[in-house]
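Both complexes shown next keep chain A, but they swap its partner, so chain B is in the first and chain C is in the second.
And now, the complex of A and B:
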């Protein structure tokens, strides 16, 4: 699984370069995010621009990462497609994760 | 290295033996082919230098015998000729000789040819031991795989026994179902059962992830989600003062389940739990992050009920989405896992809710069992394959009396 990392203001932007975040890649995905958190990043924007589908394992990885932050800092999402947004809404994760249109908007909001 | 030197000429044999010994080899001698063959069979000799022309068994025949004997290890054979005729070389190679020496043998030629043979033997031995190692690993893997497979088959059998049994009739409703695990065992599970004289409970749940961890949690839940576990059932509340237990509304039952299944990691499940109450002729449902159930009221188009809700197991003390509906004889309700709606065809397009609703519309005359089977068939045609990447489960119920 490929990740692209960059900084906008004080936020770390992590772009997942995979289209389906499913069982096979979910744990790797979580490990990568947890590594960022352990490096001390407290403001993380997850760019879902390349993602077309997240299954229950992928969602679990997302929640696991949020829990790994231990209530300190923010993990927000951006550039999610309709299918991913629908999945997030179905499971009420839109109440748990802030979702922004672009990485810039997201970074600005949490910086 | 131990070398078997075969020659009927004792003088030549003594000279060659001396040369080999000077080159650091241990020499075993034989005066003809038959004697050599006895040595080969009874020792671990893997290097033979043999004269061609000998009484009893000529060198070329000794070579043939070695090659056809299926010995435990490879034997490197050098044949000695006195003429170096091409026809002899061809016959010797055909018999399986690895190399040739032309008499009279020069010490230097003997040295390099024996060394070349030794190198080949060493490579051959390394290869053989690697092969043996691989074969043993392979057989270990095979038996480990068989063990795992047997375990999974046993688990699948146990899981099947937890599903509603075909003969099992719950008064007031009819049910039909389908479960196809993506592997041997599923993270999806469902059931239908009477809660008391007037209420029937039913649920379908989907544990996040796949395989054994998901299946173990789904089986644990299945055993917990019964009305029989009087004091332990999250579906009822036991009043110790009266010794009676009463049925909890789905909203409370799901909240209780969520309280009990708080996991430290990201383990969770989605679920629809419902109660059909024959006294009030109504359905009461709680939806926890699970795809919306479909209600097909008699004579009407199928509709989706609810719009999601938080999954169970992630955060304590959350409220779940609940809704009610009237329920009359002939009304049907379909619960399913996202394996149905997310089932993709080869170009990646998902089956989706729209197609699911369309497949259910206008099928009132179809029996409940046929409705489920035809739907499964449609999803399977859509995906274009018989094995699905996610568990597929469907539970349909129909009110037979109010």
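And now, the complex of A and C:
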């Protein structure tokens, strides 16, 4: 899975360069995020700007990554399309993940 | 009545092809985008469950989906010959399950897996599941409006 990483303030911006986060890629997706966490990043913004669809497996990878932070630091989302936001609302995970409009807004909020 | 049959092998990588197809079919029938996205999500969850739990991730098994548009409703009949759904899972799919109050979410209690059936239950207007001979038959339907 392709990721693009950058820093804004003290937040690591991880842009997922895949359009569908589904069962076939969920494990790889989680491994990549957990690797970022294990490198010591505690403030992570996941940029979903290229993602058009996420299923329950992809959502599970997000939840697993958040749990991997062990309650220390923050993993927030940004640039999610309507389909992804609606999926988060449907599963009530919009109560678990903070969702921002842009990477800059997200980074400022958690830095 | 409009009807089309889609068929894939039990490969996770092919599930998205069905997902985007049913979304386009629903939009073509006159369903709004949000409802069509819900249908796509439900079908992706259903197909993924078949491949994971019905066929135990073994490839080369057949999955067929008949899509019918009639009288303002789009119906989906999914057939596979994998391991049948357990009674408890079938009940959860058709009747739904208790979900925690959204104000009481505790991250340690939030599960990473097990949402697929609930997603289907919440998004589709009609759901039925039956074992018919050697086939599992999942019937889903969504009104255009």
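Throughout what follows, the second predicted complex is superposed on the first by the 111 of 111 C-alpha atoms of A that agree within 3 Å, B and C clash if a C-alpha of one lies under 4 Å from a C-alpha of the other, contacts with A are read in each partner's own complex, and residues count from 1 in each chain.
The rule we apply is simple: contacts are C-beta pairs under 8 Å (C-beta built on N, C-alpha and C of every residue); 3 or more make two chains touch, one makes a residue touch a chain.
None of these values were measured; they are calculated from a predicted model.
Under the clash rule set out above, the superposition-derived model of chain A with chain B and chain C contains a clash between the two partners.
In the superposition on chain A, contact is made by A:59 with both chain B and chain C.
Of the two partner chains, chain C is the only one touched by A:82; chain B is not. Clashing C-alpha atoms between chain B and chain C turn up only in stretch 153-161, chosen from 63-71, 153-161 or 297-305, once the structures are aligned on chain A. Common to the chain B and chain C interfaces on chain A are residues 22-23, 53, 55-57, 59-61, 63-64, 67, 83, 90-92, 95. Residue ranges of chain B in contact with chain A, taken from their complex: 206, 208-210, 265-268, 270, 289, 291, 307-311, 314, 338, 342, 348, 350, 389-390. Residues of chain A that touch chain C in their complex: 20, 22-24, 53, 55-57, 59-61, 63-64, 66-67, 71, 82-83, 86-87, 90-93, 95-96.
Taken in their complex, chain A has these residues touching chain B: 22-23, 26, 30, 52-53, 55-57, 59-61, 63-64, 67, 83, 89-92, 95. For chain C in complex with chain A, the touching residues are 12-13, 15-16, 19, 33-34, 37-38, 40-41, 44-45, 48, 51-52, 99, 102-103, 105, 107-108, 110-113, 115-116, 118-119, 122-123.
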